[in-house]
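Alright, structures below, take your time with them.
The same chain A turns up in both complexes below, where it pairs with chain B and then with chain C.
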Partner chain A sequence: MSSRADFAAAADDLAIRVLSALRGAGDTALVAGHIDSAPDALAALAAIRVIGADTFSPYVLAGAPFHAEDAAAVARSFEAFPLPGTGPTAPTDERTAAWRDWATAQLLARVGGETTWRVDAAQPEDDRALADTADWQRWCVRMAQLATLAQPGLDGPVHEAARGAALPLSRGVTRSVLRRDFPTAVRLIRWLAWLDHEGVTLPLDPLLALEHVRLLGGESPRTALDLAVARHLLEERIPEATQEART
Partner chain B sequence: MLAQDTRITATPTEVAALGDLVVEPEATISDPPLPAPEAAGFLLALLLLSPKEPKEPKGK
Partner chain C sequence: MTVPAPVAAAARSMADRALSWLHAHRALGALPPGTTAEIADPDGVYKPLGETTLAASVILRDGVAGPGQLVAAQSLMDFTWEQLRRGDMLYERQLRHTLMTDPLEMYAPFARCGYRHTDLDRLLAHRARLRSVDGVELLPNRRLAVANAARVAGLDQDVDWAALTRATWLGATPEPWAINWITAYALTHTVFHLTDWGARPRGLPAALAEYVRTWLPVWIDIWREVEQWDLVTELMIVGASLDEPYCAPGDWEAIAALQHEDGFVPCDGDPVSDDPQQRFKDHQHTVVVTAVAGSVALARAAREP
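Our next item is the complex of A and B:
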């Protein structure tokens, strides 16, 4: 039986592969390669669910070629682990996991193109807690858990909530840095980078925050991947002309 | 690809372990700041460039 530690190790391995692909290394099917070389197949499949939509970041952010074997590998991870509950009575953690799975399914459908692999992961129903930022500390922890959704090409209620919450997210970054909870800080900085990418005015400079956390926060593979995605978002801000056309 | 013809299904315990990992809570214990490797050169340069201690004037 695989343990949480096995899953975490496999997730770190996949994060390293995604990071390498994001930096332009290799032209092979990275997700399929991750499963092929894994000593524990179930842990390798679990890793895909942990990394979630970030699995597609080399294709979304860096234009890396997508392989059908990768789509098959992602679909297999959904066969191995059941989808979490999405109903109004489902616990918050399950709904958070469901949002992440929805994002993965969305990007699989978008990046996969003509492949026959699809995942039927629905959005959680009526998730009103997303828009309630009164308890911003707790809200920011949830947004940090949803940081894999901070990707170009994804849009939905979570993104709508982020658009209206630049101040709570900035407070959350500051709080996490003061608590020295750098993984949470990096995930929240990702949301700030996504907002910056969208052209939203921010009360906190995400690049300065990112540099600060990069120097102090260490570089676990998953944190390094969050940092790399945030940096991509900051460097590829939507041109002013495009923003004006949207409004 | 590995296990192409084999369906792998997680047990409830493994599903719960994945859930814990996917929805990580914030850290409860704060660690002290760790030195960044690239900061070592900067600190060394500051040390070398810093002025020497003033000496006591002689003959007084």
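Our next item is the complex of A and C:
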């Protein structure tokens, strides 16, 4: 039986592998490697669903070569656990999880290229709460949970909501930093970085905010991955192939 | 953007009840017998007397409170004026200490409401011409306090408001996530003095007003969460003083609900003492702030088309 700690450790393990691939270390099948070396196979598969679309960030952001074994490992993680509800009556938490799965499936299809691995993760239907930023505090908590979607190569209703919400997101970053909730701050800064990458004008400097939370909040593996993705979006050129895939 | 009706309702309740409390408890704020212009501990009783005077003067200036409240405000100013020996104490203090700014700052709300002291007026006019007085080193938001007091008292001064504003924390439009409690008070006071307590909304430069409008909801949110009611209410005055007021009904209703029936408002979420003198000492400032907040928001609501 896998414990909570096993799941957390597995997610950290995958985050560390993704991060080192993002930083250009080695040319190995990182997801397959994560599964093969895991002490707890179920936790290792769960970790893929947790890290989600970020699993592909080395390919999307840094142009790392993609391995077919990795696609197979991602597909297996979808078989291991049920898909969350996407219907009109599904609770918000399930819809949030469904968006994350949708993002993973999108990038699997994109990055996987000619491989036959496909997973069937649908968009939540008619998720109106996404566009309602009046309660910006609560809305930002949800956007922080959706931070893995903040990367090039993905576009949809979540991104459309973010495009119109530079101010609520910036307020969310400010609130999180002042409350010393650094994990949430980092995830929201990632959205600001994504907006900056999209050419949206922001009411605060995302790079300074990012450096501040990095220094004050520390770097757990998953936070470090969020920071690295955000920094890529802010500072570095995204590979041409990915740019084309966006259109 | 206007002042919403629920905000005006909460503001009236806040101002009326806060003023009643200040009036009912005024004796607790009296100077100890035999107090001279030297004042060993100016922050103890002397400064709170000035704060109470300010609240009463803003209510009289705005004139939007009920007739009974206007009478109470006038009575409160009569009381504090008598405490300061009809201005003699301020005059003696300024006479003894040329560079001190508090006699002018204490005098300004009286002068606004027609309480004048001829010798003090002459002394302040002379003092205003001294380069030494202008050169006294103060925090930038304190310089604005002195400049506004001089403006209200009718002293003829050549003030470079833009330069004074640029020197403040707010003037730098800083990272909104790097603010702390004491700096938030510096920010609120910068806005109070530039707008003369909400009467001159355009006294705050447009770019700074936009900056404040952008981040005020966050600052009010985080200090509400940790129950810093005194600061929250000051931030609400700031919102009500903007050219386009920012007054969220939830914030105003929260403070109105927090206020006791007799007008008392706690400064924070800590337990409140049962001792009347201690209660006055700890919370009088917050009641003053509540009265000013209510009056400023009501005045803004009344001035709207």
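Here is the rule we go by: the second predicted complex is superposed on the first by the 235 of 247 C-alpha atoms of A that agree within 3 Å, B and C clash if a C-alpha of one lies under 4 Å from a C-alpha of the other, contacts with A are read in each partner's own complex, and residues count from 1 in each chain.
Methods note: a residue touches a chain if its C-beta (ideal position, glycine included) is under 8 Å from a C-beta of that chain, and two chains touch if they have at least 3 such contacts.
Just so it is clear, the model here is predicted, and its values are computed rather than measured.
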Chain B versus chain C as contact partner of A:A21, first or second or both or neither: neither
First (chain B), second (chain C), both or neither touched by A:A11: first
First (chain B), second (chain C), both or neither touched by A:P183: first
Contact breadth on chain A, by residue count: chain C or chain B: B
Partner chain in contact with A:S3 - chain B first, chain C second, else both or neither: first
Partner chain(s) touched by A:H212 [first = chain B, second = chain C, both, neither]: second
Touched partner set for A:T174, first chain B, second chain C, both or neither: second
Which superposed partner A:A98 touches (first chain B, second chain C, both, neither): neither
Chain B versus chain C as contact partner of A:A72, first or second or both or neither: first
Partner chain(s) touched by A:L204 [first = chain B, second = chain C, both, neither]: second
Doubly contacted residues of chain A, that is, touched by chain B and again by chain C: 179
Sites on chain B touched by chain A in the complex: 1-4, 7-11, 13-15, 17-27, 30-34, 36, 38-39
Parts of chain A lying in touch with chain C, wherever the complex brings them together: 136-137, 167, 170-171, 173-175, 177-179, 203-205, 208-209, 212
Of chain A, residues touching chain B in the complex: 1-4, 7-8, 11, 32, 35-36, 38, 41-42, 44-46, 49-50, 52, 69, 72-73, 76, 79-82, 84, 93-94, 96-97, 100, 141, 144-145, 176, 179-181, 183-184, 215-216, 218
Chain C to chain A touching residues, read off their complex: 175-179, 214-215, 217-219, 221-222, 225
